[in-house]
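Pasting the structures here.
After this come two complexes, each holding chain A, first together with chain B and then together with chain C.
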Partner chain A sequence: MADRTRLVGGAFQSLCILACVLIILMLAVILGDIVVHGLGTVTFSFLTKAPETGMTGGGIFPAIFGTFALVVLMTIAVIPLGVATAIYMHEYAPKRSRVVQMVRLAIQNLAGVPAIVFGLFGLGFFIEFIGRGMDRVFYGGELVYGQPAIVWAALTMALLTMPTVVVATEEALRAIPQSYREVAYSLGATRWQMIRCVVLPQAIGGILTGGILAVSRGSGEVAPVMFTGAAYFLPELPARLNSQFMELGYHVYVMTTQSPDVEATKPILYATVLVLLALTFLLNFSAIMIRAQIRKRLRHGR
Partner chain B sequence: MADKPNPREAETPAPCEIGTEQLRVRAGKEEILKGITLSARRGEIVSIIGPAGAGKTTFLRCLNRMAELDLDLAVSGRVLLDGRPVGDLNVAALRRQVGMVFSVPTPLPMTVYENLVFGIRLVARGRNGFDEHVENSLRAAYLWDEMKDRLNEPARNLSGGQQQRLCLARSLALEPRVLLLDEPCSGLDPISTAKIEEALQELKERLAVILVTNNVKQAARASDRTAFFLFGELVELGPTHRLFTTPTHPRTADYITGRFG
Partner chain C sequence: MRDRKSSYRPMHAAGRSGAWGDRVARVLITGSAMLAIVSLILIFIFIGKEALPIFTSAEIQEEANIRNLFLPQSAGGGAAAEYTWQPVSELPKYSILPLLVGTLKVTIIASLIAIPLAVLAALYTAEFAPTWARETVKPAIELLAGIPSVVVGFFCLMVLADWLQGAFGWTFRLNAMTAGIGLSLAVIPIVYTVCEDAFSSVPQAYRDGSVAMGASSWQTASRVVLPAAMPGVLAACVLGFGRAIGETMIVLMASGNAAILSWLPTDSIRTFSATIAAELGEVVVGSPHYHVLFFIGAFLFVITFAINLFGHWWVGRLQKKLQGAS
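What follows is the complex of A and B.
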């Protein structure tokens, strides 16, 4: 009996280990393949030049810059919106409030909406409705904002990543002991003072974690920017909020499906994917560093 | 002790009296407080004793309107601070005048110094210049000697007894007129308890103190008057010495002698 128990236990443990090894193996294969085929093409000029000769030559700098700008704009939009939503739901709204239940349901559903639907929504709402509306009101019908642009792409992406930020922020707020809030109140703090002096400093780590997750999600998505701002090919960089831009993920998609010469594009494709991965890691890494820095400064102040 | 006379108090000597008239609190159908009339003034410590669920903490939380944070509670009756209904005061201003110490030490996740000036900084213009305040309130809480070299340490590094005295000092830093203590010594060792009780004896000269305690002996030792709460009612109220020697109500007698089941 005891032998059998040991046998089953050992088998189960082996299976668990096997699962872990499998995951690592898969990642290794994917990364290895990309690095082996891509690394040779990633040179300084590849990183700093624009595509040439129908994407069979030149570099991908506009796409790197565009992706970076997109993620920065998205973060600027999503953090305040997501954090404010979470703070309202957790700190202001009465418990068991109908509104909060509805908002929470909406956020859960938002998280389940396919990315391509966000793209179409962005096209319909931001470009056709808001953009065209702005053109009609401010520019006399001239086409300024009523077309695909980096600002609309960033806002679409912000919608896509908002559930992540809201959930992470709420999680952080929930982890703060209720006694901290009561103490702040008992010392004469208003609700806003309580939030600013006690809740936000405590929640900042969780908020930034949400931001990091949003950034890594956003820098890898293609579908939301396809209709809302990403350009097929653009030699110059986006200079204004209503400029179109190149994006790494979209560039990969374009090169895979639209290339005039598949074989000639292949090394560039591998290199672009490698850069996309590296950029995602870099964005992640810098966000983690910023969070660590802020946490350290906070702890220092204690 | 550095008991600096408060200039504001010197101009208009406030009686520092807090009290309730027919205070009722309901939570849904359940009545937590059934018409309590009780007051305390400067110069005395009023202790409230009674078994769990008697409404002691709820009573205390009505005095500085902390009960309002719990939306399920319906409060009626009057709560008066120096004759004025507390509902007429700005709630933040009220809580600065009516300090509160909780049953569990609750230092905020900051340094000792930042804890002490937290309440002051909420209303003061500058960020600095509160050192004298800090020293005075630490002295009043019998904590200055232990803390004078540790002001910039995280408050959670302190021992439980020190944390609770820090919380007391933190309330005192706002120069309140009333001090509410909700079982402040429930988790503390006898020495820390003695220090807090000693501090209270000096503090009562300048403010009114209401002390909720589960420790009957503490009420007997430390308070001037004692109120016995049971099931939301004020069963008996009287001078502590009298209540503990010749209680008029049999329930009181049962409770203070430990026969209460």
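What follows is the complex of A and C.
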């Protein structure tokens, strides 16, 4: 009896361990394959040159620059909005109020909306509605903003990544001891002064985590920017808000699926994927590190 | 603590500028917080608005209406009526049934692979794992969640498809199985995270009680912790399913994109999300095809919205119950 129990228990535990091993193995296989095939091609000139001869030569600088410009614009939009939302939920609204529950529900649902639906929304709202509207009002109907552009792609991406920033900021706000706030109030600070001088400096780690995670997500997503501004190939870098741009993820997609000569593109393709992967991993890794610090403080600081 | 906040408000100390700043900040911050709700409503309105002509515009309905979206359609000339998705042809056919079957097929395959793996892995890290193992598995899952889906799609298309075809000799190189395996990688992190939360919110007293009764650690895990956290596990499955339905890049790249009405897992498929991604770029704004694509988008939005609403409500209920019990 006892033997059987031990046997079944052992089998059950092994099954659990097997699941973990399988997951890690899948991760390792993907990473290994991409690093092995991509590393040889990632050189300085690959990172700094434009694509040549129909994507089979040259580098990926325009795609790197476009991704960078995209996430910078996105960050400018998403950080204030996300942080303000978290501050509202944690510092302004009464804790169990209807409004907070609604906002939280909206954030959770926003996080679950498929990326492609954000793409549709960006096209229907930002480009067709706001962009066309701006063109009619300011440019006499000339096509300026009513077309795919980096600013619309960035705003679409900001909506997509907002939940990430809100969740990370909220976690940091929770880690701030209540007594800090009370001291500020007792010194006669208004709520905004208290937030600006006590809460925000204390929460900076969480805001940073959220921002980094958002940038990591934003630089890898393709579906939301496909119709809102990403371009197959552009000879020039995006210079204005209404320029189109090249993006790393989109570049990977078009090279994989629409290359005239897959074998010739392969080394460059692998190298591009490696760059994209290294970028997102580096960002994720630093975010995980910062968050671990915050959690440690949350556990010990009280 | 919070209710007493009004009494903290200073009477005079901050002076006029402080009071002004406070008022402006309150308005701005409250406004931003409302933006989450507003944008969700805007998404609904603006996608719904573009899908609406299928129901209201007589001109659009001539080509695409709710009947030929769901019912078989004859190609004309006495040909048998079929379920066909062929939006760009002389007689455009908009039957979304093959897309629905394709989407369900790949989502089910991905769930069948991802859910057992993620639930068992979460149970292991929450119940049995020594610290070093937990500190390995958790970051690995986070890294997995951080892989852009276009990279997974790329891997499935360029590498996995060849391996699988070589091993099993499938007719189609890109098929529902290949895409489903890739898709499971996108589902594992979310199922794992929600399950892990559910397992760790089971009160320690449950485990102590079970062990005190002489149960072994696996008996405790499988007969006490797992049943107690079951609603959370179910919610995790539902949320994972929701993630899989909407995922685009992996299925767009690895599924073959052929709208075939078949339940065979080794046939190529075309999903809702991939259809939007592949066709919206070339479509004429305002054409029936354009509105049908938005209809599909609205459909996706409503399904995922319902799934998420249900999943989070369910998770919240479980947490309340377990907190009450501890």
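Assume the second predicted complex is superposed on the first by the 252 of 302 C-alpha atoms of A that agree within 3 Å, B and C clash if a C-alpha of one lies under 4 Å from a C-alpha of the other, contacts with A are read in each partner's own complex, and residues count from 1 in each chain.
Here, a contact is a pair of C-beta atoms (placed from the backbone, for glycine too) under 8 Å apart; a residue touches a chain by one contact, two chains touch by 3 or more.
This one's a predicted model, so the numbers in the text were calculated from it and none came from an experiment.
**Q** Please work out whether A:Ala175 is in contact with chain B alone, chain C alone, both, or neither, and reply first, second, both or neither.
**A** A:Ala175: touches no partner chain.
**Q** Of the partners chain B and chain C, which touch A:Leu241 in the superposed model: first, second, both, neither?
**A** neither
**Q** Which partner does A:Val273 contact after superposing on A: first (chain B), second (chain C), both, neither?
**A** second
**Q** What is the contact status of A:Cys197 with respect to chain B (first) and chain C (second): first, second, both, or neither?
**A** After superposing on A, A:Cys197 lies in contact with chain B but is clear of chain C.
**Q** So which one touches more of the residues on chain A, chain B or chain C?
**A** C
**Q** For A:Ala189, is the partner it touches chain B (first), chain C (second), both, or none of the two (neither)?
**A** Touch partners of A:Ala189: chain B and chain C.
**Q** Mind working out whether A:Lys95 is in touch with chain B, chain C, both or neither, as first, second, both or neither?
**A** So A:Lys95 meets both chain B and chain C here.
**Q** Check whether A:Tyr253 is in contact with chain B, with chain C, with both or with neither, and answer first, second, both or neither.
**A** second
**Q** Between chain B and chain C, whom does A:Ile288 touch in the aligned arrangement: first, second, both, or neither?
**A** A:Ile288 sits against chain C, while chain B stays out of touch.
**Q** Mind sorting out which residues of chain A both chain B and chain C touch, each in its own complex?
**A** Residues 94-95, 182, 185-190, 193 of chain A touch both chain B and chain C.
**Q** Please name which positions on chain A make contact with chain B in the complex.
**A** Those residues of chain A that touch chain B are 94-95, 179-180, 182-190, 193, 197-198, 201-202, 301-302.
**Q** Would you mind writing out the residues of chain A in touch with chain C in their complex?
**A** Residues in contact with chain C: 5-6, 8-10, 12-13, 15-20, 22-24, 26-27, 30, 33-34, 80-81, 84-85, 87-89, 92-95, 102-103, 105-121, 123-125, 128-129, 159, 162, 166, 178, 182, 185-193, 195-196, 216, 219-223, 226-227, 249-250, 252-253, 256-257, 266, 269, 273, 276-277, 280-281, 283-284, 288.
**Q** Along chain C, where are the residues that touch chain A in the complex?
**A** Interface residues on chain C, with respect to chain A: 1-3, 8-10, 12-14, 18-19, 21-22, 24-26, 28-30, 32-37, 39-40, 42-43, 46-47, 49-50, 116-118, 120-121, 123-125, 128-129, 133, 136-137, 139-144, 146-155, 157-159, 185, 188, 216-219, 221-222, 239, 242-243, 245-249, 252-253, 273, 276-277, 280-281, 285, 293-294, 297, 300-301, 304-305, 307-309, 311-312.
**Q** So in the complex, the part of chain B that touches chain A is made up of which residues?
**A** So the residues of chain B in touch with chain A come to 64, 66, 69, 71, 92-93, 95-96, 99-100, 102, 104, 106, 108-111, 114, 118-119, 122-123, 154-155, 167, 170-171, 174.
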